[in-house]
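Below, chain A partners chain B and then partners chain C, in two separate complexes.
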Partner chain A sequence: MVKLSKKEKKQLRTGLLMISPWLVGVIGFTLIPLLLAFGMSLTNYSFLSKFKFIGFQNYITMFTKDPLIWKSLGITFIYAILAVPLQLMFGFLLANLLNQKLRGIVVYRTIFYIPCLIVVVSSTLLWRQMLDTDFGVINYLITRLGIRKVSWLSQTATIIASTVLISLWQSGKLIIINLSGLQGIPTSLYEAADLDGCSKLRQVFYITMPLMTPVLFMNLIMGLIGAFKSFTLIKILTDGGPDNASLVYMLYLYKNAFVNFKLGYANAMSILLFVIVGALTILVFRSSEKWVYYGGE
Partner chain B sequence: MKRRVVSCYFILTVLAVLFMFPLYWFFLNSLKSYEQLFQFPPKFWVWPLRLKNYPEAYHYQALQFGRMLKNSGIITVISVFGTVLSSTIVAYGFSRLKWRGRDQMFVIVILTMIIPTEVVLTPLYFIYSKLHLLDTWFPIIAPFFFAKPFYTFIIRQSMMGIPVEMDESAVIDGSNVWQRLIYVILPQAKPALMAAMIMAMQDQWNNYLEPLIFINSNTKQTISVGLTFFSGMYNIQWNLVFSAAAIVALPILVIFVFFQRYFIQGIVVSGVKG
Partner chain C sequence: MKKAFVTVLIGTMAVSILAGCSGSPSPGTTGGQRVTEAAKESGSEKVGGNVTWWTWSTEATDAFTRQIEYVKAANPKLNVDIQYTANADYWTKLPVAIAGGTGPDLYQMTRPSFEMYAASGQAMDLTDIIASSPALSKYLESLSPELRETYQFEGKQMAIPFSVEATAIAYNKDLFQEAGLPDLKEVEDTWTWDDLSELAKQLTIKNSSGETQQFGFYVAADRIPTWEMIWSHGYEMFDTNKETCMLDQPGIAEALQPLIGMYAEGISPSVDVVTSTSGDDMFISGKIAMITAGIWKVPSYSNITAFDWDVVQLPFDAVTGKRISSSNVLGLVVNPNTKNPEATAAALEELVQPDCQQILADSHIYIPALESVRDGYFDRDQPENIIAYKKTLDYIHPNTLTQYIPYAQFVTEYTDALRKAYTGKMTLEDALKAANETINTVMDENKAQFNQ
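Up next is the complex of A and B:
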């Protein structure tokens, strides 16, 4: 134990006092609930029954007797695998376009940002109507192109496609993050490359991409976490239906907890979600040593 | 060179039209009559616009729209206040004060940012049920008074950038920690503070999952959840649903017009963390 001088002690006290709201919050709203979730996941608690310790039974049920867990995990994984890379690419490419020195570019930047300002519930209700099989404007437009009507919200594949589309439409924040990253790249690098006769395309690969990897890295982590906890969009768009075709993990968790009141089981699902998100984050962090460039050396 | 500019404009314009079209459709829907809304092929323009939809949606009998709108407003304002109060103080403690273990502790703040709130909703529900806090606004508002990591991070980053000399001269003038925060640091950190306020406002106004879980009474419900009740009603006037949805979307759009640069600033700072 290091001996603190009187002054250091006073500093420590003041510092801890200042950060105490966060400390209390993180203990009360994250740490205790997390421990409680684990504790409750070992019981068969519901609002109707008393606590009964059942060991790892919930986890065993989850992995062996509940096909909906696998189904919801599968849907969520597929959504993440499609949505996240598309969001990253789209954000990166569009930001490159929006970084050009063109007259009126600010207007374009605003246009691409506005959709993510629309309250999620409102925009989802809009998309639900636009995607309607019989009256929807999207089906009208594609029939004009000579394609048959698609019942967008009737099966897993088209529902995932729709949600990916909506998420791209609302990716304004991602575009801005990419744009600010691009603007942080010193123009002198491009000028030097021009002098060396390096083509614009090669500049993208050898200057822009490496210098943007820290931004892409953050977006990847945030995107993955976002995909795994996605709830509101699907809840309002299809409520998991028809016949669980779009039952994402978080929605299944919600239904177990607050519709079926299987709280013990729902807590086991929470813990699994925590483990998945944690594992993915660690995985991405580990891999980052290989592909993220932090300048300097 | 010329060709590159033209193709840039071309791609951007095509994409911009695709991006704007749903927005146009949104507001057009909110101004159509019920019959027009269900016409096929759909009408891309209607005249006269049915402006009456807006007051009709607001006063719709079966839904306490005004009440829920007010609830959301109050909840959002209190949450923004809580953010300013708690996140500022905590960010100050993590940036301008020197104490042993500060930076190690801040790593924990960043780590907790990664844990999704969704993971702890079920245990929190249990805790609140035991504390008899279900069906109150407490579960929705309280976290904002305990320095949510994200907003704290934004403010802390900006406080780190303020020159140390400013504190030092204030110390020589004999001011204490609190005076330094209020008179020296806060004015400098104002842009970040505004950005955090705007993000907190957006988050809370958008909040759907928590009110859905923690609030039962219609009289206490927020407008996000209320809107989905509205759309789920039997025999609903769908055009009114869209007017209601537009009313809910409007406040953020209006605030964006006035405080654009703070919106952008918050996002930019949040993108460069780590």
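Up next is the complex of A and C:
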């Protein structure tokens, strides 16, 4: 144990005091709820009855007796694997397109940003109408093209595709973040590349993308966390149906807590989600040493 | 100086955070006992106070507002604040609030959820309140025994029924005329589910590509009309003690066979469609000839102008010769955490007055539980045969469930089983058996928890 001098102790106390508002927030609103959640996951707490300590029974049930846990995790992973890379590519490509010096480019940037200003519930309800099998405008348009209408909200594959489509439509924030990253790249690099006869495509791969890796890295982390926490879209679109075909993990957690009233079990599910997302985040951070380039290294 | 400033700042923040924490309700006498004592003390003096009333029935806003005005006029000391929450959110918000020691003074209850709330202490025992209230006693005595007893739990009155529902068949009269079929009113008193199926077949029209342009009947994977058919066939979904689910009885699968047949023949929209498209939308747009219609559908169907429509009573079961309609008897429950039990009881006393219940009837939104004022509900031009719902009230079955499984969870398992059977993924017998097993597993877990 390092022994601190009187002066160092005083400095430590002052430092802690200075960061204490943040510390109180983290402890009060993050650490304590996390510990409470873990504690509750060791009980059979329900809104409608008294609870008792049952140890790790909830976790045993999750891993051995509840097939819907694996189904919901599977659906969530599939959604994350599809949605996150597509969101990253879509955001990056659109940002590149919007990073042009064109007349009225501000208007186009605004148009692409507007969807994420609309409240998610309202926009999802609209999409549900548009994706309606019989009355939806999307099926109306595709039948006019001679294609058979699709039941967009009746099978896992089509529901996930619809959800990914809606999430891409709402990726205005990603586009803006990418745009600000692009605008931070010194134009001198592109000028030098032009002078050396480098094609635009090669400039994207050898200048833009390496310098954008910190932004892409941040978007990847946030995208992964967001994908695993996806709830509102599916709740409004299909409520996990039909027959749990679109039951994402967060929705199943919600149903266990507020439909089945099994709060202890729902808390155990939230701890598992915390572990999974934490593990994925650590994995991405570890991998970032290989592919993220911070200028100045 | 800097240190002192920071210390004061942290102290202020800590105080402001702790100020948000509310104290727990003080222990002591039950709500019912407090009301009885207050009633004895006050004698005939009217009790006042603030009462918060939670409901999901936004369609009844006008009626409830007028009822509150009635309460205010009858007792100016009472301030009733009604708060509306969308149905889905209501059932999330309510148990959380009550479990947290807060929540409204008075809240609306739907029949299938009642047992769970009563068994878990989230509803106040109203026995003492009723005993000390001539108005509430008189009201309950004037209800039919079925309605009165449906909100009793272990012999105790735990809620005040205020509205009753019924189910009928709504039909598109124009489509019947075009098909050269007789008006359903002519067969209303004799028809069976097989007759309905036959009529629906004749009313189903496909185009040259084989796509159905018009469906004869809308079958939802829902409690309506399946619970009607099960009860009409002489079966119950739970045993007498409500401790075991009995969906695996062969008679239940037998009762629901007409629906399986209609799906197989394409008379009803497929399950894929009924998941994403509301049956009401399809009926209102003239794509469906017949649909089961709970009384709460009438206000929205009344806006139909494109075609003529009407309602008739449900078909009979071909084997038993009976017909039974499900009924979500709505009730008012007093929150055991209420800080104003006297005012809440006083508000209830005014709400059950015949004149106040008449407001509900005249609004044409809810049929009052009080029979003497019901006629006002049926005094309307559309649908022409609205009296079908009145006749249906003679054979209603309240939607009783069990305390051992939440209503939403039961419905999820039940409707998933129906969908699997409709789509042919499983036979109806196997689907109901699987659902029965799951439901009984949940019930056994919850029984253990209730009895610990």
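In the analysis below, the second predicted complex is superposed on the first by the 273 of 297 C-alpha atoms of A that agree within 3 Å, B and C clash if a C-alpha of one lies under 4 Å from a C-alpha of the other, contacts with A are read in each partner's own complex, and residues count from 1 in each chain.
Quick note on the criterion: contacts are C-beta pairs under 8 Å (C-beta built on N, C-alpha and C of every residue); 3 or more make two chains touch, one makes a residue touch a chain.
Keep in mind that this is a model prediction, so the values were computed, not measured.
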*Name the contact category of A:273: first (chain B only), second (chain C only), both, or neither.*
first
*asked:* Residues of chain A touched by chain B versus by chain C: which partner has the larger set?
replied: B
_Which partner chains sit in contact with A:135 here, chain B, chain C, both or neither? Use first/second/both/neither._
both
*Just chain B (first), just chain C (second), both, or neither: which does A:253 touch?*
first
_I'd like to know which partner A:94 touches here: chain B for first, chain C for second, both or neither._
first
*asked:* With both complexes superposed on chain A, which partner does A:18 reach: first (chain B), second (chain C), both or neither?
replied: both
*Considering only the touch criterion stated at the top, classify A:238 as touching first (chain B), second (chain C), both, or neither.*
second
*What is the contact status of A:282 with respect to chain B (first) and chain C (second): first, second, both, or neither?*
neither
*Please work out whether A:50 is in contact with chain B alone, chain C alone, both, or neither, and reply first, second, both or neither.*
second
*A:153 contacts which: chain B (first), chain C (second), both, neither?*
second
_Touching both chain C and chain B, counted on chain A across the two superposed complexes_ = 14, 17-18, 21, 24, 28, 134-135, 258
_In the complex with chain B, residue positions of chain A that touch it_ = 2, 4, 8, 11-12, 14-19, 21-22, 24-26, 28-30, 32-34, 36-37, 40, 45, 94, 97-98, 100, 102, 108, 110-115, 117-123, 125-127, 129-130, 134-137, 140, 169, 173, 176-178, 180-181, 184, 214-215, 217-219, 221, 225, 228-229, 231-232, 235-236, 250, 253-254, 257-258, 263, 266-267, 270-271, 273-274, 277-278, 281
*Given the complex with chain C, which residues does chain A contribute to the contact?*
14, 17-18, 20-21, 24, 28, 44, 46-50, 52, 128, 131-135, 151-154, 238, 241-244, 255, 258-261
*Could you please specify the touching residues of chain C with respect to chain A in the complex?*
3, 6-7, 9-10, 13-14, 17, 91-92, 95-96, 98-99, 116-117, 119-120, 122, 269, 271-273, 275-277, 281-282, 285, 287, 406, 408-409, 412, 416, 419-420, 442, 446, 449-450, 452
_Complex contacts: residues of chain B adjacent to chain A_ = 5, 8-9, 11-12, 15-16, 19-20, 22-23, 25-26, 29, 37-42, 86, 89-90, 92-94, 97-102, 105, 108-109, 112, 114-116, 118-127, 142-143, 145-149, 152, 177, 202, 205-206, 208-209, 213, 224-225, 227-228, 231, 238, 241-242, 245-246, 248-249, 252-253, 256, 260, 263-264, 267-268, 270-274
